[in-house]
Structure formats: C-alpha cells, structure tokens
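So, here's a batch of structures to check.
Both complexes below contain subunit A, partnered by subunit B and then by subunit C.
For the complex of A and B:
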C-alpha cells in the first residue's frame, strides 16, 4: 500500500509494521481521502505494534495534522497501544506538533533523531 | 433503550443495566468530545507553529534576497544611483558612485541633488523627459562634474523604480573619459569628417577597401623651398619646422569643408566633397596663412617659405588602402595623378596656385576669385591637353594689384598668341612686363612668342606647351 507523488509519499511496510510519510503535504482536506483510506486499513488490520516514520516529513499543513490525528485516534479505538512515532530534529515544527499525539494516545512513544 | 409505555414494567436489574449502558455512552461521548477538542487544539497549534515557521523563513528569505541584491549592487563595477523623481535628490548610491561623483564616499552624495553633478543640468532634464516618453534611457553620453571641479564623460542609462515606496529613477553609468580621450586621439589619425564622408559612425566600422566614388575636388600642396630651408636644420628642427607650417595651413582645409586624406612629408593631399569653390578658397586661405608665417620668419631672419598648390576637379575614388593591419586613407584616379603634376608645375611657372579648367568650370562663382589663364599644356605621359589657370588672390597686395591691372591685356596677348598673331602678342606682353616686370608667367609667354617669331611655326602648330619632365 502506497501513494507516491513527486512532492509527498505514503507507504506501509507490513514486514516491520511501519507507516512512512515523507515529503511536503500541502493538500486540501478532501485530497487527504486516499491517504486516510490507507491509514484506516492499516489501523483496522489490528497490528500488534506500529511505527510511524516521519523523519523525512518536511511539511504538513493543518488538514495533514488532522489526518494523522484521526489515524492515532483510530489506533486507540482499535486498542493498538504500542505505537512509536519517529520524527526528525531537522524540522522544528515536528517537536511541538508531534508531542500532541500523546494527548490522543498516552502510551504513544516519541523519538527524534 | 427504554421503550415507551413499559417504564413501569422495568425491573431494578433492567434499570441498572440501562444505567450502566447510559454511563458507557456518556463516557464515549465525553471521550469523543475530548478528542474533538484535542483535535481542534492540535490543529490550531500546528497551524500556528507552521505559520510562525513560514513567516520566519519568509523574513529570512527577504533579508537574504536584500543582502544578495545589495552585495551585487555594491560589487558591480558600474555606478548606481537612485534619485527621487520629484526632487532629483539622491536616496541611494552604491560604493563606486561616490568616488565617481564627488571623489569621496557614497554617503556624501546621498541627500544631494543629482543635477549638481551634470556639467549641463538641462541635459538631465532632457534625459528625464526622454525616460518619461520611452520608459527607458539607454547609453547616453553626458558630461559630469565632480565637487572638486574635475569633469568626466559617462555613458548613462535610466529606469523607473519604486524605492522606499516612492517613485524614483535608477541611473547607472560608466566613466568613459578614457574612451573619449582615445576616440579623440584616434580622430587625429582618421578625422571625423573622413568617417562621415565614408558613411561610418565609428573608426571601428572602417574596413580596408571602403570607398566613395564621386566627382570631387582634390588639392595637392607642397613646400617648394623645403629642401633649401631644411638643409642646415637638425632633425628636431626639421620636424618642428614642418609641423609649424602644417599646423598653420591644415586648419584651412577643415575650415572650408574639406579633409586631409594624407600628409606626404611636408605635402598635403586634401579632398573637398562639396563644390569646387571650397577647394579654391582653401588654397587661397592656405597661401594667406603662409604669407603671415613668412612675415614672422623674415622678422626672425629666416628664409621665407614658398608654397605650391594644385587643384583639380574630377571623378575619383576616395577610401582606405593598405592591408588589414595597417591602412590609411587615399584617393586615386587619373584626375588625382594629374593634380599632383599640376601642383609640380607651380615651380615651372614660378607661381603659387594653379587650378585646372575642370575646377574653374565647376566653380559656382568664378568672379569671386582673381583667376587668369595660365597655359595649355600636355604633361609627360598624358595625351590630353590640359588648360590651366592661375589663382592670384593670395599674391602679396602689390603683386596682386599689378596682375589685376594687366589682367585684360595679358589675356588679350594670349588670344593673339593662339591666333598666331605673335607680333601683337609680343607687343602687349612687353607692355604688361613694363608695368610688372616680376610677372614670371608673362616672361615665359614672351619667350615663347619671341621664339615663334624668330623660328616660325609649322602648320600643325597648336601653341601647347609640352612638358618633357615630370
């Protein structure tokens, strides 16, 4: 499952249960539909654990953070509590915004590299 | 869920279960409400974070762009100045503009009026008007003046710009004083008149073989006494003498609309593209200059100079000859060659100025000049007979007055001569010489007439003087 565009990419690797989001997400609300679909499918597969690799996520607009939040909420609803989000120190906004995921899923682990 | 009408029938257990279900639903609703609040909060916060970051980046980008622009403008080797449109006051000047304009730092010219730096402020007004009309001004040459009085030429271009939200003019210029000086120096080798004559704007457009073919008047002049005078001179004195002479007579060519094609030692070859009168007038002016020079020379106990001038009118090619690496102006045609011979004949007749019939006939107003018939000749190597005239306007006043007084008699004598009425011719010429014994031409004709009387003439006699030497 993946969406590969010139400026943004979403991929799910089932071997290591990793969702990779990279590039710049500047889409409008409805354009996130296909991405949301992939994420919902991942959440509904009830994996034991999940890793979100956001180290190459340069930019995310408001609709984008909204989409990721909904994904985290879906994970919580599906009782998937072992979730690790890996961000990058290179993009300053990630520190602030990704920390808020813990409000939605307190067991979520955050890591920056 | 509760069913209508069955309230009273619910047992306590059922009520407990119902309550538990309701509590669970409330909890879920509360969770959803919390989630929504968190979502809203997170989205807003994220928005703020990203907006802040983008704003910071945009500001940094503007600063960087300004820094780069300033760096480029400061480093550019062209003076750049921004002036307010309304007041012409300088609001910005790059590093190089200051030294160029005032001879000190750029800060010192900010706040001053740009018009102060124009030698002729009206020129700036004209450029601004042109800018208004055309929207741009490109490569105009104007003269600037620095605060310390030093003048210099610049090549200036102008554009409208907005500066600090005010309508302004951006002017950029290059100092072209050196180029101007170089052009001026070059024009001494190939004069502007020669360039225009060849229909060229600049010396760089001149190519080997460029030429103009037309009917023109050509003049050869020579310092007849040069060898005698220069014999006892050092090389430096020789140069000084030739340049003193050329410096006096050359401007007379330009003054009369001609140009000097080349110098031939002390000789001058000049072309007059206009009417033949300009060539004749230039010859007279040159001889008058030589007369003035002679007064000085005699006062300094030096030998007076003698100048010979020949002028002819005809078709000729004037252009550039030589090879690509070294060329000079030249003119050629039979008429040009002939003119050189005509000039040489001044020595033979002992006079200063000879013109050909072609020139005399081409004169717009020949009554303006003192011109008398000289001779019919055939020069060595040529078949055609050439009719020559003497211009004696530049003879010294006394000699001129005497020639003028005998003008009619002299020409009458020549008529008798060609009609083979030699005795009448002889009598009149003797009368002419009695009044003016220094008339060398009359002497020469008298000798010819006398020879005809003494030796007689055959039936093929034409009276033409055959020149056996060049």
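For the complex of A and C:
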C-alpha cells in the first residue's frame, strides 16, 4: 500500500510493520482521505506492533495533524499498544506536535534521531 | 463599524520598519490550484526572516530554527484559513503582511467573510482566547473522530499550543457591501 506524489509519500511495509510518511503534508482536508484509508487499513489489520517512521516528514499542517492523531486513536481502539514513532531532531515541529500522540496512546514510544 | 478581539497591534508601515507584504488579488481560479501558493509563500517568509536573525552559537541557531518553522506553520495555516473562508474569492483579495521587529515577528492576514457567520466566529475565537487550548485541542480531536468533519478546527489550537503564537482579530464593515466583513488576524511570534 502506498501513495507516491512529488511533494509527499505514504508507504506501508508489511515485512517490518512500518508506516513511512515523508515529504510535506500541506494538503486540504479532503485530500487526506486516501492517506486516512491506508492508515485505517493498517490499523484494522491489528498488527502486533507498529512503527511509524516520520524522520523525513518535513511539514505537517493542522489537517495532517488531525489525520495522524485519528490514526493513533484508531490504534488505541484496536488495542494496538506497541507503537513506536520515530521522528527527526532536524525538524523542530516534530517534538512539539508529535507529543500529542502520547496523550492519545500513553504506551506509544516516541524516539527522535 | 469595527470590533477587536484580543490585543491587536496595528501594522507598522513606517519608513524605518522592515516588512513584507503579499497581495493575492481577487481571482476565479479554483481553490485547489491556489492552494500551492500557501506553502510557497509560507516557505518564502520563513527563509526570508532568517537573514534578520543572525546566529553565532548553537543556542541562537536553535532559536532561529524554531522561529523559522513557527513562521512557516503559522503563515501556512492563516493563508489556508483565508483561502478556505474568503467570501467570493472572485471579488475580494487576500493580503499577507509580515512585520520584522527586534524581538518578535508580527504576521497579519486579511480576508473577507460572510457577515452572517461573524457572530459564530467571534464566539469560537473568544473561546480560544479564554480557555485552556490544550484541553480544547483534545476535545476537538474527539469531536473530529466522531463527526468525520473535513475541516479539523485544530489550526489555531496548534499554532497556540505548539508555537506559542498570540492572536488578535479585527473585524471591519465593508463600505457598500453589508453582506461581508473584512477580518484581519494578527499573530505574534517571538
């Protein structure tokens, strides 16, 4: 499952249960629909663990924050508690915005590299 | 008639001030095609301001990076809002202004909105000014999850919570058109 555009990319690798989001997420609310579909499919497959690799995600607008937070809420609903989110120290926004994930799923592990 | 919410500071356009102004003229081009301008403009403002904040150590470099990303996020959000909610884009322009001051950046975005929604808007903006924005953020997320809304309602809350942006708004009547009001939002970042 993947969406590859010039500005942004979303990929799910089932070999290592990793969702990779990269590029700049500056889409309109409705344009996040196809991304949400992929994320919902991943969450509903109820993997034992999940890794979200955001190290190459340069920008996330508020509609994108909403999309990723909804994904985390869906993981919680599906009792997927072993979740690791990997961000980058390069982007100051990540430490600020991604902290919300832990409020939604306290067992989630946040790591910055 | 004019109404102010929050501590609104007027734009400084005097000769000895540093500022940038971008005007998006009234257009009939579809929103989807104009959307890309938001990101390009926000990136430009963020890059431009770095020349005004030289850094000579790690701490000042980190502060500059934060300010740059903050301006990028806030300018992008305010332009997205203005594009989404502008009343009759083919008739009214959108204007973006960035004032560079010694210790802060002031961003202003003005657009025109349907006069019938002003009361509702002001109610929500007053709520943002008055209440705990972290609590409002979590409440909004839960609401979005239940209602499947396209508009997230998280923009202002993210700008305040993540970037410590301070906001004020000015609403003005428009001469010869009582169906619209001009709204100018001011964001203060330091």
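Methods note: the second predicted complex is superposed on the first by the 113 of 113 C-alpha atoms of A that agree within 3 Å, B and C clash if a C-alpha of one lies under 4 Å from a C-alpha of the other, contacts with A are read in each partner's own complex, and residues count from 1 in each chain.
Methods note: a residue touches a chain if its C-beta (ideal position, glycine included) is under 8 Å from a C-beta of that chain, and two chains touch if they have at least 3 such contacts.
Given the structure is predicted, the values throughout are model-derived calculations rather than measurements.
Asker: Who does A:5 touch here: subunit B (first), subunit C (second), both, or neither?
Answerer: A:5 sits against neither subunit B nor subunit C.
Asker: Applying the document's definition of touch, where does A:29 land relative to subunit B and subunit C: first, second, both, or neither?
Answerer: second
Asker: Count the residues of subunit A touched by subunit B and by subunit C, then name the partner with the higher count.
Answerer: Counting residues of subunit A touched by each partner, the higher count goes to C.
Asker: For subunit A, what residues appear in both contact lists, the one with subunit B and the one with subunit C?
Answerer: Touching subunit B and subunit C on subunit A: residues 59, 61-62, 65-66, 69-70, 73, 92-93, 96-97, 100, 103-104.
Asker: Hey, which residues of subunit C end up touching subunit A in the complex?
Answerer: 31-32, 35, 38-39, 62, 65-66, 69-70, 72-73, 76-77, 80, 84, 137-138, 141, 144-145, 149-152, 154-155, 158, 161-163
Asker: Can you tell me which positions in subunit A touch subunit C when the two form their complex?
Answerer: Residues of subunit A touching subunit C: 24, 26, 28-30, 59, 61-63, 65-66, 69-70, 73, 91-93, 96-97, 100, 103-104.
Asker: Sort out for me which residues of subunit B touch subunit A in the complex.
Answerer: 35, 38-39, 41-43, 45-47, 49-50, 53
Asker: Can you check the complex and tell me which residues of subunit A touch subunit B?
Answerer: 59-62, 65-66, 69-70, 73, 92-93, 96-97, 100, 103-104
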